[in-house]
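Written out below as structure tokens is the structure these notes cover.
Each chain carries a letter (A, B and C) given by its place in the written order, and its residues are counted from 1.
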Amino acid sequence: MADTYVLVHGAWHTGELMEPVAAHLRTMGHTVHCPTLAGNRADDKRSEIGLSDAVDSLVDFVETRQLSQVRLMGHSYGGMVISMAAQRLGERLRRLIYANAFVPMHGESLNDLVPPHYRSLFDGIAAASGNAVMLPFPIWREAFINDADLALAEHTYGQLNPHPYRTFTDKAVLETELAALPLGKSYINCQQDTALPHSLPWHPRLSERLGLFRLIECAGSHELLFTDPQRLAQAIQEAGRD
Amino acid sequence: MADTYVLVHGAWHTGELMEPVAAHLRTMGHTVHCPTLAGNRADDKRSEIGLSDAVDSLVDFVETRQLSQVRLMGHSYGGMVISMAAQRLGERLRRLIYANAFVPMHGESLNDLVPPHYRSLFDGIAAASGNAVMLPFPIWREAFINDADLALAEHTYGQLNPHPYRTFTDKAVLETELAALPLGKSYINCQQDTALPHSLPWHPRLSERLGLFRLIECAGSHELLFTDPQRLAQAIQEAGRD
Amino acid sequence: MADTYVLVHGAWHTGELMEPVAAHLRTMGHTVHCPTLAGNRADDKRSEIGLSDAVDSLVDFVETRQLSQVRLMGHSYGGMVISMAAQRLGERLRRLIYANAFVPMHGESLNDLVPPHYRSLFDGIAAASGNAVMLPFPIWREAFINDADLALAEHTYGQLNPHPYRTFTDKAVLETELAALPLGKSYINCQQDTALPHSLPWHPRLSERLGLFRLIECAGSHELLFTDPQRLAQAIQEAGRD
């Protein structure tokens, strides 16, 4: 079965970094797109970009290409973006896939869903940098890409870009709650993902907000897209199929 | 070591559907029985059958065949049935094995152990159908057999049968609490089983009611008997051995 | 990368029992030491030994050999010992690794971190035996080494030694809380470890006391050192590398 996937990256990432995963999905016969959201493009002015700009850029991407029957995946922060985009793209979508991704309720920001020490940390960085925040390397290495060796952790860290912090503080606008959207929903949980602490976990805390959903799990960190893109592609296919 | 196993199916299932698992256990050298409980047989009057009828049918099965040193496994709803049967079969049993199965306390029904939305759903279906409830396909596909492809999900759904709802509302009668029964106890937890939501999970919520017990886990959904019967057979052997 | 590891055993164990794990780490190129703590040596007087004696013996071991850049791992009870030793060995250490190990706060004993039924059980055994407690075989077989067959469970049980109970009741002395120590920290969680019940789990309950830490998980029981030493060695290497 040849399906159409749109893979939406997380904070600090770009669509290009999702390409190894996409390549494995294409080998399985699927059509795959990896847009880079507004706010993470090389020439974006981080100081001016908020969550609605990122959402607009994704909606434009899908509509411009007239995609249909899309299996729309969001990774991490990408979950905020696909949740809002799904309100406008409904007829073009087949299924929503969250991959260790945020699932907001109406009126919640990403920062409302993370532990307080992250908010304090990024508040400070954003104040000093004019809305463009970087993730400190020790957090990246220990809590995000714990299944990599040091060389891969350093190489991939060098590929990240500063992220517009307003996308973390802007509140999600959801006319229809996600559980009520007439679409399939899946949640991929990489089991060693400690980007959120397991005392405040991705699953089931956020996944169960989807109502009836399909759970797919595999071993791996938050950055399985780097440490084992083939395994992530397999999980996406199991999450995305009818 | 050649052991004797009796594998008790869950709601909507039959013993026949457990045969592929049994075949793998037989290959390992074991003797395996897969009875179909009263209430799930082709000519059963669903309107008249309750939990004690299912229990009686299992006790009769074991006693008629004069089985001994039995490793008695219950899957899902089958946990209700083996818990009550163990009160009467004690001398014939070696170990109780729960496979993502309900572990009741005295006076609790299966419905007391599931989330409210299941009770509402099945109350409605039972009222309309005279005590015979079917599981809606979307729940089957997303929450019960999430690790299958659509073809296998549809094929296996076609093999299910309507289940007598009184077996979900009748209360368990347990003269001796399970933790105090002088038998080995094991709990098999398939890790992606979302037939119960992970916020109200099988393990450790229900498993720890067994007191000292052996935990065996593997990847898989509630319906691993269909999606990977060999893996389930291996888990049963690890749970059932001395 | 050739690193230096010191592997600290748990209660009832000795350094010798960790040697199969060490052998696999040496095959990967590392230098590995497996001391036996005071209290678990053949001629130790169990009646006289407390937690500080075990800590002293570990500090002496590392200092006498003038080890540096040590990746110091503690298994189970060994977590109490490495937590206190790290206060004194700081400059010699590179990283602390907890393997299903206790992570105390200042003033807490091991017994403060286990369920009440363990405390009652061992209080009784210690009172009868003069501070030397053995783990009852049924608990060993079902809750500690659930992934072994009976022969391995019995063989390894025969290799255990009585443990000085005061090491479970003495309180940890930590000048600096572990999260604030300027060292890397990792936590290895064997997923089927029910030596602590999963309703009162090793991870994230104890692991998150480390502050920023690296999570490594794999399948296995509390006694993976016996049931799959190669897999444990791999986990230690993933936990211990920079």
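Note that a contact is a pair of C-beta atoms (placed from the backbone, for glycine too) under 8 Å apart; a residue touches a chain by one contact, two chains touch by 3 or more.
What you are looking at is a predicted structure, and each value in this text was computed from that prediction instead of being measured.
Novice: So if I superpose chain B on chain C by CA, what angle comes out, to the nearest 5°?
Specialist: An angle of 120 degrees brings one copy onto the other.
Novice: At the chain A/chain C interface, shared numbers over all numbers used: above half (same) or below half (different)?
Specialist: Both copies touch with mostly different residues.
Novice: State, to the nearest whole Å, the distance from the C-alpha centre of chain A to the C-alpha centre of chain C.
Specialist: 38
Novice: Using the touch definition from the top, which residues of chain A touch two or more other chains?
Specialist: Within chain A, no residue touches at least two other chains.
Novice: Which positions of chain B touch chain C when the two form their complex?
Specialist: These residues of chain B touch chain C: 184, 203-205, 207-208, 212-217, 238, 241-242.
Novice: In the complex formed with chain B, which residues of chain C make contact?
Specialist: 138-139, 141-143, 146-147, 149-150, 191-192, 194, 197-199, 219
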